[in-house]
Structure formats: structure tokens, C-alpha cells
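For reference, the structures are reproduced in the following blocks.
In the two complexes that follow, chain A is the common piece, with chain B as its partner first and chain C second.
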Partner chain A sequence: MTFNSRRLKNSLVLFVVCLLLNSLANYYGTPLYQIQIVSGWVLMILILLLFFYSLRKKLTLLPIGKTSSWLQFHSYAGFLSVLVFFQHLTYRLPNGFFEIILASFFMVTALSGIVGMIFSRVIPRHLTRRGEEVIYERIPLFTYEIRKQAQDLIIECTLKTNSTALADYYQNYLADYFYKPKRPLFHFYGSMGALYVMQTRHNNFCRYLNEQESVYAQQLFELIRKKYDLDFHYALQGVLKTWLFIHVPLTYALILAMTVHLMLVYAFLGGLQ
Partner chain B sequence: MKIQLQKFFHKNSSYARPNQPWVCGKHAQGYNCEAGPDMQGCCRTEYECKPYKENNSWICSRSNNYGGSCDEGPMPNGECCNKITQCQPTRSIRQKRSLVVKWSVFAIFAMMMLLLNSHTKATFFSPGDLSFKHGKIDQCSTCHEVFDKSFFNWVKQALSGENTIDNSKKCLDCHKFGENAHQPHGLARDDLQQLKKNKKETNNREDKQLACLSCHLEHHGADSDLTDVAKQNCAYCHRLDQSVINAQHPEFNHYPYKRNTRIIFDHTTHAKKYYYNKAGDQLLDTAPESCQSCHQSDSRANKMMQHAYAKDCKACHKDIFEESESFIVFEIPELAFDATELNVQWPEGASGTLTHFMIMLLATDSLFVEAVADLDDYFDLSELDKQKTKKIVKSIKKLFFEIDQQGPIVFKQRLVSAFNCQLNEQGQFDSDSLCTVKKAELDLMVKLFPLKLFCEAKQRWFPSLSRTFVNTQNSNNFCADNRHNHKIPTEAGEWVLEELSIEYRPDKHKDAFIKSWLDLTSQQLDQILPEKARLEIFKELNSEDASVQCTKCHSVESTDGKNFRVNWPPKLNKIAKKQFIKFNHNAHIKYQDEKVCLDCHLENLNTAYLDSYEDLDPLTFESNFTTERNNCSSCHQQSMTKEQCQLCHNYHVSP
Partner chain C sequence: MITKDNYWDPQMNAELVQHILLFELFNNMIKDELPDYSSSADMFKINSDDIESVLAFDLSDKLEEPRLPDNNPLIDIIYKHTRLVKYKKGDIIIRDGDYGNSAFFIASGKVGVIFPPGLQEKQLGHVSDQKMSLLKTLKKLWCNPFYPEQRSQTGNNQTLNSTVSIKEGRLHLNNVKDILDKNEYTELGSGDIFGEIGALGRTPRTSTVVANIYCELLEIRWQGLRDLRQLSQEFRKSIDSLYRENSLIAHLYSLPLLSSLSKSAIQLIAQDTLFKTYGSFEWQTDYKTNLENDSLSLLKSETLIVAEGDCSDSVYLVRSGFTRVSYKYNNGFQVVQYLGQGDVFGLETIVYNWKNKANLPMQTSLHALGYADVLQVPKYIFERMVLPNMKVDEINEYLASDVLQQFSKHADDSPVKGLNLNDAVLDFMSDYRFINGSSTMLIDTDRCTRCDDCVTACAVGHNNNPRFNRHGYRYDHFMVANACMHCNDPVCMIGCPTGAIQRKPYEGQIVINDDICIGCSTCANACPYENIRMVDARDSDGLIIRDKETQKPVLKATKCNLCIDQLGGPACERACPHDALKRVDIQDFPEMINWMNR
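Now for the complex of A and B:
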């Protein structure tokens, strides 16, 4: 099944579920205050089902469907939960402090989820277009390896040409660049400006080198470009990991606040029957 | 130069475990030891490998990823010769995320618990400010009993079986809606079922109880309107389209003319006969300028009330009372035998008959009952034999004797008996009797009889009754006692003592005597004799020959086919019970042209308005006007102005 056909199918399912929920609401006479009770319960069940996705990823042994299927469900149920959320609020802003906090938890969680979904759709395409595909956790190691190669190249050049020009250039301008990932924000926006600056400076520097040194300088620039691509991967893969730092903790916070909200509702509205 | 960073296959690349909580501290320095940190985040590596023994010699076990077997080989004691410095493991990204989750959950939980047990819990957990009308309530416990209790009580309450109805009972401490407050419309089940008999569009929810918050949502801020109820709430029971009034709102088949007007006023006839000239093309001076000349809105601006008789009707109809004729209430009937033949004293020249009023007063006298038992017509005494005629004579004399001796109590006792009522020892009505009249009505009736004239009449017609009858009550002679203070109320007309009769002439509007008798005789009696007299009195006062025709304007309606009701006021006083429908006339006519009323009340010139009163059924009615639903829906639609149900309908109709 292609991505488009799968999206069409899932969107249709989402639409049918929306219609079904609306019909059920009308059938059970929810126009009275029960609409908020029913929408509240539907929302809570949806949030719990969305939460189960993270549990599913941990429970790899249980035969409860593929994680990819769960992710699909997570995405579309997330959209449905936003609709039910607005229905639950009766399309107006909450008034109380606690309710504002609870609504903020939900909105930020939902927004981070939507943003995360967009990132996970867009960023991988950019990652495959530039540089080598590397594992995020190994990038510090690869950074070290590139630095090591650059340092070895400079030593070899110094020994063979008896000139410290390239070594001085490295020490003055490139040592810090090779030391660790740089400029994540530039890379997030896909900027090549920093590389262009380095290339211009490198080209200006190369005019004063002899032919033997120029060969080493050319190899050095290859390493510069490789490091630049690695930084790009580090930045973008970092984004793919970082949005979960907002989404996941807020999900737990939301469930906790939601439980308190449920208790408050039934304590002051009428007990659970 | 092609640089390949990511290596594959286990011989070239060490196995990364990103799901493990700790990562080797030397990872960023290009070194990853094989063992890695333990689960507590401690470095557990001292040597590059752990040699193994084979054929009594130690063999290096360093993996290919770390350079393979070293040249030096293990130490003689089996230790690796390449000792490595321990690292400080760092948390993996998953572990960091997990830590953020734990701390945030803990922080929020702690904050919640702190707030739930603090003095600021009302501020923090309140779902919003109260509406303006509840603004004075400053304690949550005023409405929520559990609020002042501990958090665990809140949880207990949340898990209890108490429902929203129980919670709404606190509302009724201030808002009184009767014992059926939580029933739909605050009405009893039977009343609801009666109402929905012909309402197909209503769901069967009369058994359902509704909490106050079903419609009135609090905590939506001071500006929120608690009475602003969504149409969907009504649609919960009334299966109407929730969108627009002209979609499924019933037609105004009867509204606002569900029943006939209690005051009979034919607008068409009046307009044709009295407001226009004969050609019908010019208004006369006597014509009202507009509808509002005769109709003014009531205090709630809900209904347009008619002006009182004195303001509008009297100008043309005052002759009815000023020139009214008197009618006989009591007279000396003509006997079939001479008084000497019967050996009784009887006024000479008596030529009258028994009036219905007399029969009502004599009907409970056993003498009279025995005398007329076989008569078809009570007014024709010529068929009676001597004995029965004597009984009639004695009965009439007895009435006068008793009035002479006892005064008004005689009227009261006789009317009480005639109207199926009984008096107990305290002189009050006995609740067990079949009495259909009110005590006040009878008391008024007694007051309206002209005792002075009866005393005079007795003296003139029957001067020597004390020889015939004995005063068994041992009371003082009422007529002889000038100290009695019996006064006829001013609402009554003029009483006249003629030669052989007592007559009455109603000379003003709201005549108490006629009104009382019409009211009293409208109810059916179960005794044959009073019943016949009652009917005759009711017919006589209703007839076209009546002295004043009250029922020409005050309509009469049959309540159950046998009993009747004369509609005195234009509207029944139903302050205790609110109507389902309300209409703010003022809002619609203010600053409008005088003829704006006719925009909605369309004239219906060909209606048989007066004829519709003949069957005495108030529900078979033809109005001079019609109203169409489109009049409302032309403005009350979503794009123009409000269209909520409660704009025209009251929900709470209970007292």
C-alpha cells in the first residue's frame, strides 16, 4: 500500500469514526450536559489509547499489532482527540487556573505531536539527500574519527613538506570546528552559509601553498565538508529525538492532571455511578 | 577521497545499544569499551580484554573492533597487559528523557497534592468565576457540601453513587420550583403525560429527572448568562430540528388563540357597525385610534390586556345599566282557592307565581316538597288540591316567620341546604358534603338579600304569623330589633318592595346579585327541586329578556357538559402557574407605527366569531385575527437575531 492510499484510507476511517461519535452523541441525547460527560470520557479513552503506543514500544514481546500500525493509529487518533477536545470545551476557552493548565497540557502535547509528526515526515527526506546516513548515537564517535583523520593529515603534511603552514591554519581556524558538532540551528534551517565562509577562507589560504601542500589542503577540505554533513545529521536527528522531550513528559503530566480533573468533576457534579 | 564513517557487520562495527540507560564516557573520545557501563551507571572495565586459558597458556581475547589480539599478550597471572583508565559513563538519550518524565510527573503530582491541601485550592481548582447573579456566594461549600472536607472525601464522593440530581438539590435551597423541580418543566408526571398527548414530536422522557446544571452551566465567568440555554437542550426531548425556527417549529394553528376570548368582543362587527360610516370608507370619531387605544401590555410586557369596562366600553354601553328594568325575585303567588275557603290569611289580590328564587329558598322545606311532589310545573299552583295548597301557603308563611324571627341566618341555612352544603357546629362548611360553592359566595348572597324589605313585606302581607307559628329557636325578634346592622353591599343594585312582590333592578356594571346567582347556579346540584330551579335561574339570567345581559359580553363555557362557568375577568389570574409561551409585546411595538399590530395579527373578516360561542366549548373558536409562523421566522433566524427557544417559551412552569 502506497503512502497516499494509506493516508486516504486512514483519513476515511477517521471521518467515519467522527460521524459515528456524532451520531452516538445525538442518539444518547447528549445535547444536555451529558455531552461534556460523554466527550470527556471519549477524550480520556482516546488519550489512554494514545498513551498505550509508548507502552507498546516497550512491550515488544506481546502480539498486539505492529508498532508501525500503532503509530498510524496514534497519529489519526491524535487528530480525533483534538476534535473531541474542542467539543469537550464547547469551543470556548476554559476559565479556571487548573482547567487552563490542563488544557495547556493537552494543547502543547497535541501540538508537539503534530510538530513531531511533521518532523518525522520531512526531516528524513533531507537527511537522505545530504551526507552519509549515520546512527545518531555514533555521531560523537564519527566526529572523533574525522578529527583524528584531519590531525593525521596535518602531521603527515608537516613531516613531508617541512612546512607548518597547513598545521598553523588548522590550529587557528579548524581545531575548534573539528572538536564537536557546531551550529545546530544553522543546520536545522539547512543553511550552507558557514560552509561557504570556510570554503572561501580555505581557497584564499590555498593560493599561498605549494603544489604538495595543496594536495593535503584539498584532502583537508574534504574532511571539512564531511564534518559539515555530519553536523547537519546531528542537528536534524537531534530534532527528531528532542521533540519527544516535550511530548512524552507532557503526556504523563496530562494523564495525571486528567485524573485529578475527573475526580473533581465527579466529586462536585455527582458521583460515578 | 571518499570517507566512509558508518561501518557495517559485526567485525567492523561494535554493537550499539541505544536503549541502555548508560553510555561509555569515552564514547565521544572515539573509544567504546566492549563491556560498557553497568545498569547503575558505573564503569566496569579495567582491562581491554579478559584473557582466557588454553593449553596452559593465557590467550588475548580483544575483539577485532578494538584491534584484535595484542602483540604483548596477557600477563603470566592471566591479567590483560593493557589496563585502561575508568570512565564516567553518561546517560543515554532515552535515559535522559525518562528522567525528565519522572521529574515532571513528580513535580506535578507534588504541586497538585500541595494545592489540594492548601488554602488556595478554591482559587486554583475553581473551574471559573461565578456568574454575576451568584457573585455573592464566596464559599464553595455553599453549593458543594464536600468542598470543606479532605481530599480523600473528595475521592470518596467522586466514587460514590450520588448523582447530579442530588447535587442540584442545593440549588433548591434558594430557588423554589416545587416538589417536582427536577421533573421536566417542573411538572408532575401525570401533568406531563396529559400535555404530551397530542405532541408527536416529544420523546418519552417524563420519567427522566433533570439536574439544574443540565441547562444552567455555572463557572463561566461573571458575564455569562445562566438563562442562555442552547436550543439543543430543548431538542433533547422535543424532537425538533435544532437549526432554525421555520424548519420544524409547529405552525401557529391555534396560537395565540388556543381558546375563545373570555370577553366576547367581535372586532369585525364593531369596526363595520360603529367605527366606520355607512359607506365603510371613513373612520368615525368614536373609533379607537389604534389597537393600543384599547389594549395595553401587562406589567411583564407579556400580554396585551384590555382596558377596563369603565374606560372603553362604558362610553357606548352605559344605557344597559342606567335604563335596565327590574325583575321579580319574590312575589305572593295566586292560589287556586280563596283564602276563606282554605281558612288561611293570604294577601288580597295576589296574582303572581312562584319565582325560581323562591323555589330555591323553599326547596328544602318539607312542607313545600310534599306539596309540589307530583307537579310537573311548579309555577302552576292551580292543579293543587286544598291540602297541598295549604301546605304551600304554610311553607311561604313559615319562611317569612323565620326571617322575621331569625334574620339572615334563615337565608343562609336554606341556601346551604339547596346547594348541597352542610354547616357543622361551628357554622362552617362541612368538607365531606357535596358542596360545590364557596362559603364566601354564599355569605355574599345572604348579605345581598334585602332583610329590611322582607321585614316590611312580612308586616304588610302576613302581620299575624306569631299566632300560627311558634318560635322554637327562642331568639329575639330580628325585624323588631332595630339594632341589627344588616347592610346591603354597595355592589348590589336597587331593591324595591312593590304591593305584592319584591323586585330587583341591577343598575351598574359588576352587579353583585346577578353575578353571585350566575356563579352559584352554574354548578349542577343533585337534588331534583333545587336543580330545576337552578337551571331556570341560570337560563333566566342568560336569556335575551334578562334585565341585564351579563353573558352577552362575559362568555359562558361548559366545563364538563353539565356545569358551566361564566368568564368574568378577561384573563384568569394564573400568577401561580407560569405559561409555556411568552411574548414580549413591548419589544415588538415600541417605537413602531401604530398599525404594527396588524403586521402579525392579520384580520380575518369572514370568521363566524359570535357563532363559535354557541356550543359553550371554549376550544372551538374562530378568532377575528390569524397569526402565521412566518411572521416570527422572517426575523428570528440565525443571520438576523436571536432564535433560542426560551425567547418565546418558559421552561419552568411550575408554581
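Now for the complex of A and C:
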């Protein structure tokens, strides 16, 4: 099955379920009197099911279906939960202190999930098309290696040409650039502006070099470009990893707040009735 | 000229040659007088009369390096391709299911050849097929060792169970007499040879051979066998007749194309079938060097089996190894497909010629990819026995094949078809020899979020040690990761002294029995894809275990075992949340392309 047909099939199922839930809510809304109780329970079950995905990721060896199938369910159930959430709120803004916190937790979790899903689909393509494939944890090591290569090149150039021009240039403009990953935000937007600025400066600088130095300068620029690609990978792979640091802890916070909410609801339910 | 560097074994010396020259066959070959032997067993019988005369030679003087005769191929073969190996009573020499590239000539002693079903799995040191229970799987999630590569039992001398132990780096049956008595076996003695068919055909061993008493065996590697086959007509005849009797008929029977034929027809085909090995069995040694070449020179370096435009007079059946089918495309070559074990080449043209009474030459070329063992069946056999019985649908299928369509396009002078993903992937898979893989790990880097869930899942399943690297050669946005591909031609299995690396008979996974791995690195060095890693074994305190005698760190070979012991199959594939990873059988090209084109 192609991704498009799978997406179409799952979207259709989601649409049907949404229609069904909406119809049920409209039909039973009046006789049940408090539709929020039902929608609340449905929402809680959905959130727990969504949470089970993170458990599945931990139980890697158990034969309980492929993680990708679970993620499909997680994504579409996530969209469904947003609809149920609004139904639960009866399409109004929350006004109580705890209510606002709980709703914020849910909304940020859901939004971070949606954003994460978009990242997961878009960023890998960009990573594939830029530079070499690198493992995130090894990027600091590669950065060090490039810096070492650049420094060795500068030393060699200085010794062979008896000129400190390239060394001075490196010290003034590039030492910091080679030291650690730079400009994550630029890379996130896919901007080549910083490289363009460096290239212009480099070309200007090269006008004052002799032939021998120019060869070294050219090699140095290759390293600048390599480092730029490495920074790109660092920034984008970092984004792919860090969005989960918002989504997952908030899920735990949401479940905790949801439990408190449930207790409060049932504690005061009699009074309301 | 022989130099010390090209000796197979540095121990090879005049003493060994002297030992070998005791045998009548070799003596007569030196004298260029080939005796008339009726069977392979007779060929190597010691002629007691000759022993004294051979011993009387001052061999050390005759065989000094500068005087080694360039014109005496036998001594050249002995020097380059043989070695004398000593086995103690109970040592397992070859195991059923093992791959090997050597035959063994018994210089002294006796060996027992155990017929199937043969020894039990634990007696052969095989990895059990048993899956882990649900409870154990759950326990594994939390109770994996803290330190990497932790082991409890290691060493080159250890007892595995009541019947098997490892002695001096070899698998040893503790009570060989009892074991042999319980199994059906035959005894081979001095002058006999075994293992030659498996070595020449690169097929798995069909029996287990155990040293009955202390033995001295002359191990002849496949290059030596090949050269001996060329050198001695008698040897060739003997090997060929053995092959025809034991393997060829069974192989022809197994081919779907010939399955409808009678036994007598198959025997007739077997009589007229030529078989030949193209390329080199040790293709993996040049793998890295070849990758540096461009596609055209790579293709040119491959051994040609049939050229485009050659007369279409035979059908070629690939018995083992791989071949590349290609046609000329501008100034290069375009790969049409690759063929592996059981595939047929050249039948389309023969069907076309037969049907249209035409004389169309071969439309494509066939090259050996590394090595290929090919059976050549003359076309008249097909025209008489196979084609008349073929169904119309099947004939039409052959007539509609790509190979002939390609021809018609050329003939009409119409534009040649453009390159598409299929063609390019074919080229990539052939150039890098990934066609060898039966469970190759393919990663779609356009979907992979680099979350490393696959690596984590792999580590959890293997005591916190991942068995692959999420890194490897890439074509477009598909990466072939550094994970064992469970090759169809498992070069890693050749030469393992204890048989620790083995192929499971039903599903074909290549697995390593950690208990009997002695860390010799033969498999890791042989794997051209660098998918086997040698690791230092550690104790429960995380300290590197050292061999008691040599004080060297104990090494173990590690690789992906396709989660053979786990309930749900490969954990890496199941753990990928984005459907970015799949274990694919590259032989199943359409399925792979479907997955790539999702």
C-alpha cells in the first residue's frame, strides 16, 4: 500500500468516526443531560490510548504489532482527541484556573504532536539532500576533526609560505566558527545566507593572496562548507530530537492533571446534580 | 614464480611436499604419466613401492625456492593451495550445512562420515531454533547486563555439554565411538578424499565428518582443486562423474522449468550438460578495490559468460553465485537484471528462434558477479524435450519478455528506453554486490527521523549491544545499512574452525553461536560488507576477559542474527515508527521496488 492510499484510508476512517461521535453527541446530548461526562470519559480513554504508544516504544521486543502501525493510530487518534476535547469544552474557552491549566496542557501537547509530525515528514528530506549522513551523537567529534584539519592546514600554509595571512584570517574570522555548531536558527530555516556572507568575505580576502596561499585558502573554504553542512545536520537532527522533550513530559503532566480533574469532577458531581 | 608471500600457509615447506609426493597420483603427475584410475578413491592410494623411491629423493635440495620448477604445475599447486592439518580423535572436521572451500585428502588415519539425519544440533554446536518465552522477553527489557559484551563462559578450551567441547580451537566430540555407533556412518581411510563437491560447487556440506582416530589430512583449497582438475583429466572425470551422480540430477529435478520431465529425460539432460565456474570464489577480497572503479570498468573486470551478439546455442542455468545481465547502452552497459541460484538465461531467444524459425543471436550479455557456477544445456535438448511440452501461456510469456522487447526496439531503430529507478537501483545493487543479501536492511532516509529506535530495539534484544550501524552506502534516499544481510553466498561461513557461524536450514539466517566462537576473526575478515564486528568479551564487573594461557583479550564475533530467538522477528523493523526501515530480500526485486516506490 502506498503512503497516499494509506493516508486516504485512515483519513476516511477518522472522518467517519468524527461524524459518528458528533451525531451521537447531538442525539444523546439532551437525554443524557450532562454530555460532558460521556465526552470526558471518551477523551480520557483516547488520551490513555495515545499514551500507550510511548509504552509500546519501550516494549520493543514484544510481538504487539509494528510501532509504525501504533504511530498511525496515535496520529489519527490524536486528531480525534482534539475534536472530542472541543466537544468536551462545549466549544467555549475554559475560565477556571485549573481548567485553563488542564486545557493548556492538552493544547500544547496536541500542538507539539502536530508540529512534531510535520517536522518528522519534512526535515528528513532536507537532511538527505545536504552533506553526508552523520549520526547526531558523533557530530561533536566530526566538528573537532574538521577544526583539526583546518588548523593543520593553516599551520602547513604558514610554514610553507612564510606568511601569516591565512592564519590571521582564521584567527579573526573563523576560529569561533570552527569551534562549535553555529546558527541553528539559520539552518532551521534552510538559510544559506551565513555561508554566502562567509564566501563573500573569503573571496575578498583571497584577492590579497599569492598563488600558493590561494590553494590553501580554497581548501580552507571546502572545510568551511563541510562545517556548514555539519551544523545543518546538528540543527535539524536536534530539532527532530528536542520536540519530543516538550511532547512527552507534557503528556505525563496532562495525565496527572487529568486524574486530578477526574477526582474533582466526581467529588463535586453530586452537588452539581 | 613462487615466493614466500604467495604461499597459502607459511608452514608450507619441502617436508610437506615430500609427504604429498608419497602418493601415487602426484608422483605420476610429476612424471606426466597419468594412471588409469577407476574411481576417485583409487586415485589417491599409496603405492608402497613408490614410497621408498620418493623418500630416496633429496627433496629438500630439489625443492629449494629458487629451484622450484616453473614448469611443474603440481608442485606449484601443492605449494600454493594445500596444507597439512592434524586432527585428534573426536575432532569434527566438517559439519553438515557448513560452507567450505576446501576438500580433504586423508594422508593418514580414519574419518567417519555421518549420514543424515546425523548429529543433533547441540552436538554440532548449532544455535537452537527455540524462541524466547513471553516471560523471558519481558524480563529482558529490564534485566539486560549493565556492561557491554558481557559473557560468562569463554575460551578456546571449554566443555559445552556432556558430548561436545572445544579443544584447541576445534569442536570436539567427547565420546566419538558411542556417537558414531548411534548414527549411520561410513569410514574413509588413508588415500580417500572428501568435501570436493562442496568446495568446487560452493554448496553446503551434506554430511558431518569426524576424526575416528588421530588423522593427518591434506586440505586442498578450491583453487588447488580447480587447478588439479585442469591438470589431470582423470581427476576431472572423476569429479565430474561424482558431481553428475550426486548433485546435478537432483539440481535439474529441482528446477521448475524441468520439473515436468521424466527421470530418463533428466538423466539425458545431465549427460549433455556442461558445468563451469566463472569468476573467483574469493571475490570478496577485491570487493573494496573494485568499488573504487567506475561502473564500466567494474563490468569489464567481471568474467564474461556469454556476450551480446553471440550465437544462441545454449540455455544457461545459474547453479550458484550471481550473474549480471546487461546490454550495450550508448558507450556503457545497462543492467537489465541479475540472476541468482535457479535462474535461467538465454531461454527467451531460444524460444523466439524455435517459434519463428529464426536465428536471433543473444540479446544481452551475461557476466559473473564475483563468481557463478553455471550449467550450460545445449539448445537442441530444450527444442526436443522442453519446448514441445511447454504451455502456450509460458511460451508467450517468454516471447513478451523484456529481453526480446529490447531487441525489437533496437531493430526498429526506435529510441532506447530511458533510465528509471528500477535500472539505477539494479546498477547500484549489482555494483556494491548487495544482490547477495536475503535480509538486507534498507533505510529510506527521506522518512527516517534519525531517532535510532531501531538501534535501541536491537540493543535491547542483544543484551544491550546493538548489532548494526545505522550507516552505509546510499543510493538516492535509500541507504543499505551496515547490518548482516544474511547473504545467499555467505563468504563469512567459509573457514570457521569450530563451525560457530552457521546457516539455519529452513529460513536461512546466518547466526553465530557465541559459546563456540573462539574469536579467530576469520568470518569478520571474510565479510566484504564489514558487517561482522569483533568485540572484547567482558565479565560481570565490566573487565575485559583474558585468555588464561595467552593473556590476550578474548574476542567474540558479533553480528545481526535477525532476532532469531525473539517472538516477533527483527526488532529493528518492528521498532521503526515511520516505516523507514525494512529487511528486504534483494532477489525479490519487484517487492523491493514496490517498497521503494511507496
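Observations on the structure shown:
Definition applied: the second predicted complex is superposed on the first by the 254 of 273 C-alpha atoms of A that agree within 3 Å, B and C clash if a C-alpha of one lies under 4 Å from a C-alpha of the other, contacts with A are read in each partner's own complex, and residues count from 1 in each chain.
As a working rule, a contact is a pair of C-beta atoms (placed from the backbone, for glycine too) under 8 Å apart; a residue touches a chain by one contact, two chains touch by 3 or more.
This is a predicted model, so every value here is computed, not measured.
Contacts of A:149 after superposition on the shared chain: chain B is touched, whereas chain C is not. Judged by the touch definition given at the top, the superposed model places A:133 against both chain B and chain C. Once the two complexes are overlaid on the shared chain, A:59 sits against chain C while remaining clear of chain B. Within the superposed three-chain model, A:237 lies in touch with chain C and out of touch with chain B [touch as defined at top]. Shared-chain residue A:124: touches chain C; no touch with chain B.
When the shared chain is aligned, chain B comes close enough to touch A:99, but chain C does not. The wider contact with chain A, measured as residues touched, comes from B rather than the other of chain B and chain C. In the superposition on chain A, contact of A:219 is made with chain B only, not with chain C.
Shared-chain residue A:183: touches no atom of chain B or chain C. Looking at the shared chain after the overlay, A:269 reaches chain B, while chain C stays out of its contact range.
When the two complexes are superposed on chain A, the residues of chain A that touch both chain B and chain C are 133, 135-136, 241. Contact residues on chain A toward chain B in their complex (touch as defined above): 29, 31-33, 35, 92, 94-99, 132-138, 140-146, 148-149, 219, 222-223, 226, 230, 241, 244-245, 248-250, 252-253, 256-257, 260, 262-273.
Chain contact summary for the complex, chain A toward chain C: residues 1-3, 57-64, 66-68, 70-71, 119-121, 123-125, 127-128, 133, 135-136, 237, 240-241. Partner chain A is touched in their complex by these residues of chain B: 1, 3-6, 16, 18, 23, 27-30, 32, 92-93, 96-97, 100-101, 104-105, 108-109, 112, 116, 123-129, 144, 146-147, 154-155, 157-167, 203, 205, 210-211, 213-215, 217, 219-221, 230, 232-233, 235-236, 242.
For chain C in complex with chain A, the residues that touch the partner chain are 134, 137-138, 140-141, 445-453, 456-457, 460-461, 470-471, 474, 477, 479, 563, 566-568, 571, 573-580, 597-598.
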